[in-house]
Amino acid sequence: MSALLSVERLEAGYEPGLSIVRGASIHADKGEIVVILGPNGAGKSSLIKAIAGLVPVSGGRVVLAGEDITAVPAHLKIRKGLAFVPQTENVFTLMSVEENLRVAAGVFGDRQVAAHIEEMFALFPDLARQRRLMAGSLSGGQRQMLACARALIVKPGVLMLDEPSAGLSPKFVEQVFARLVEIRASGVTIVLVEQNARAALAIGDRAYVLVEGREAHEGPARSLWDDPLIAELYLGHRKEGAA
Amino acid sequence: MIDLLGYGAFFLSTALIFAIITLGLNLQWGLTGLFNVGIAGFVAIGAYTSALLTTPDTADRIGGFGWPILAGWLGAMVLTAAAAAFTGFATLRLKSDYLAITTFGVAVLVQLVTLNAIGLTGGPFGVAFIPRPFAGLQGNPVAFNFVNLAIIAAVTLACYLALERLSRSPWGRVLRALREDERAAVSLGKSARSYRIQAFAVGGAVMGLAGAVQAHFIGFIAPDNYLPTLTFQVWAMLMVGGSGSNRGAVMGALVVWAVWIGAGWVTSALIPTGWQARAASLQIVAIGVMLCLILLWRPQGFFGPRNGRGME
Amino acid sequence: MSLQFLLDGLISGAMIGLGAIGVTLTYSILRFSNFAHGDLMAWGAYAALVAVGALGAIAGGPMAIGALSFGLPLILSTLFAMVFTAGLALLLDWLLFARLRARGQAIIVVMASFGASMALRNLLEFLFSSSPAYYSRALQVAQPIGSGIRITPDQVALLVMTAALVTGMHLFLTRSQRGREMRAYSQNPALARVTGIDVARVVRATWVIGAALAAAAGVMVGTLVQIRPLMGLDLLLPMFAAAILGGIGSVPGAVLAGLIIGLSEAAAVMFVGAEWRAAVAFVILMSVLLVKPTGLFGVTER
């Protein structure tokens, strides 16, 4: 079995000799939602940024659909089909909603920009109503939707998200995650880094627990949630509380 | 022979005055990371202040208080420090580029005042009859030149020792820490800003002192002495010497000044008279290219410590 | 009191504004204040001078259009100067700025631009001497247009050119993919990269636009005033002041602020004295920094 995205013994960090990601290996199959959990400072965010090309990689490799894309510059990864939604500052705040989508759709000289924008507005009707609004004045939840639409507009095979629930009220978390399930249904593979283990494991197929820059546990999402040791050590809830 | 000795003393005196300015810049840039593109302006403030305080009373100009030379130097330091502190106050809560732009503006403004506030600065003709230390010796040029050299060397040494002490003091350590991490410095907020203003003001005072010393050494000042080329020469000196090192600052000043003078000789010997003015600009081109090359390939300079206390 | 100073201010404001576009773009996209920008302006003016000379030798005359002091040769030469200056800026970036930018110390890049500025300016002085030059010796007759204001045909033509360039620039930034990419990159470089925006392409576009507009402004100064190696240095402080007053990154802000500074300078010449003209930009700069460092249209402090 070959995974759509596979990350092999990745080493990455901002400064030479100071790795934050220390030999992490994860993989995602087509159509999966893979959740990456872990305590603060485990390197979850750095791992996903390293895959996206934003943190220098010093060892290991990233393979997408059989092609080694480790050394592909960040701006070309999306052309290979790997999209990334950062945790914060994930929209161009001084541009309108529509311009955010337009600039993303046009980077490869696509001639059907307008059609693709309308597709995204069909997928996210809330955004369609606010297409002329500055992205900076959107609410947190809508901003997250726009960030997803911005990443999806070039039809990537894999969508990676860094803590999409951060700073959102429970109602919005539910909406965003419901939307992720729909996106997966359209055939997109999702890699999700999350602090909110409960919400993420509820929609995830498989999950990793990252500790000190490397995966410490892997398993079906449900079983990870039910494992009392993992729950108490890494996910911040007790078995009784979850039952 | 006498001529050569006299010239040697003159050359060294000028080079050491540059060394004082470069020491001031090293405190601002090398130690604290504050970018000053208006050095010429601060040097001019010092020179004019001391000149106005010490010259004899003149009918067509404000000032001419006839103060002792040392009082003039002190006044120069105080006023230049104040100007630098105000510049820092206005810009140091912002990103470093704003300080650069503002210091550039200060130099433009000072140049404008020296040229146009004729009642204060003498305008394009400048200020003459600035008292020279030990003027009684002027009859014996060699002795006079060497006494001046000794005074300038003493001032340089005093600045060097004081700045070495300052940079090793707790105050200097804070500055260095702030330079390492601009973001941390910004998050420290007010106290970081006040440390940087202090450093900028003290560096300014040293530059002002150098301007004053030079004014009394030459005996005459005019706006043309304080063009952007001066700023540029001092930067080249610090970068050649190695920013962050006081020893490097002094060495850089001596070496760059020697190269500058040497290049002047070569061009005047080799290039026909009609082209000499143009050749002088080629000299500046060469120094500009050199500054860029050093930034690219040897940002730590040539005379600084090896342990990387420089910029990298 | 003659209102002529309003027109003089408008003209010099247009030159400052045109130059300030490049300063504000360089600052917001390449993240450094380019002290060599004024010298790009001067190089543009001299490039046009050389081209005018060459074309004049071929055509055998100035070929002035109507009442203007210039004709097709200067128009073609301006286009040549814009291309030449853009090439010069790209060369400087490749040789110097890109390498230093890669090390991530913004202020070192500023210093390099200062060194490059000295070298560029003095190279001009070496090549062309410091005495002023002119595109044409033709005399211009100023026509009265009411309220005691007189304007020359050259001034009208160049104001129209400025308006066209500024409008074109605005449309480019808001309506074209490349322009949107530049704005996106200036707002958020990391997000721009994951969006698929090629940084190298944005950097190139920034240099080309900034340098070409600087060259146009240089030709404007050369036509209406004179061509000197120091012409760019003299406009540097007003251009910086305009970029900051307008709000870093805002093209309409830079142009409007350029006009404000030009008009203030003209007012200072009228009411204080011509010798203090250069102080106006400094006073405005300090006031902005003390009162509202984000400028008129700036959103965040950068």
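Per-chain numbering from 1; labels A, B and C assigned in written order.
We take it that a contact is a pair of C-beta atoms (placed from the backbone, for glycine too) under 8 Å apart; a residue touches a chain by one contact, two chains touch by 3 or more.
Being a predicted model, the structure only gives us computed values, none of them experimental.
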item: Central chain of the complex, centres being mean CA coordinates; value: C
item: Farthest-lying chain, centroid of Cα atoms versus that of chain C; value: A
item: Length of the line joining the C-alpha centres of chain B and chain C, rounded to whole Å; value: 31
item: Distance between chain centroids, defined by C-alpha means - chain A, chain B (Å); value: 55
item: Chain A and chain C, separation of their C-alpha mean positions in angstrom; value: 43
item: Touching residues (chain side chain B, partner chain C) in the complex; value: 33, 35, 37, 90-91, 94-98, 100-102, 104-106, 108-109, 112, 115-116, 228-229, 232, 235, 277-279, 281-282, 284-285, 287-289, 291-292, 295-296, 299, 311
item: Residue ranges of chain C in contact with chain B within the complex; value: 27, 32-33, 35, 96, 99-100, 105-108, 110-112, 114-120, 122-123, 125-126, 129-130, 233, 236-237, 240-241, 244, 273, 275-276, 278-279, 281-282, 285-286, 289-290, 293, 301-302
item: Residue numbers on chain C that touch chain A, as the complex places them; value: 177, 180-181, 183-184, 187-188, 190-199, 299
item: Chain C partner contacts - residues on chain A that touch it in the complex; value: 52-54, 73-79, 83-84, 86, 89-95, 99, 102-104, 106-109, 150-151, 154
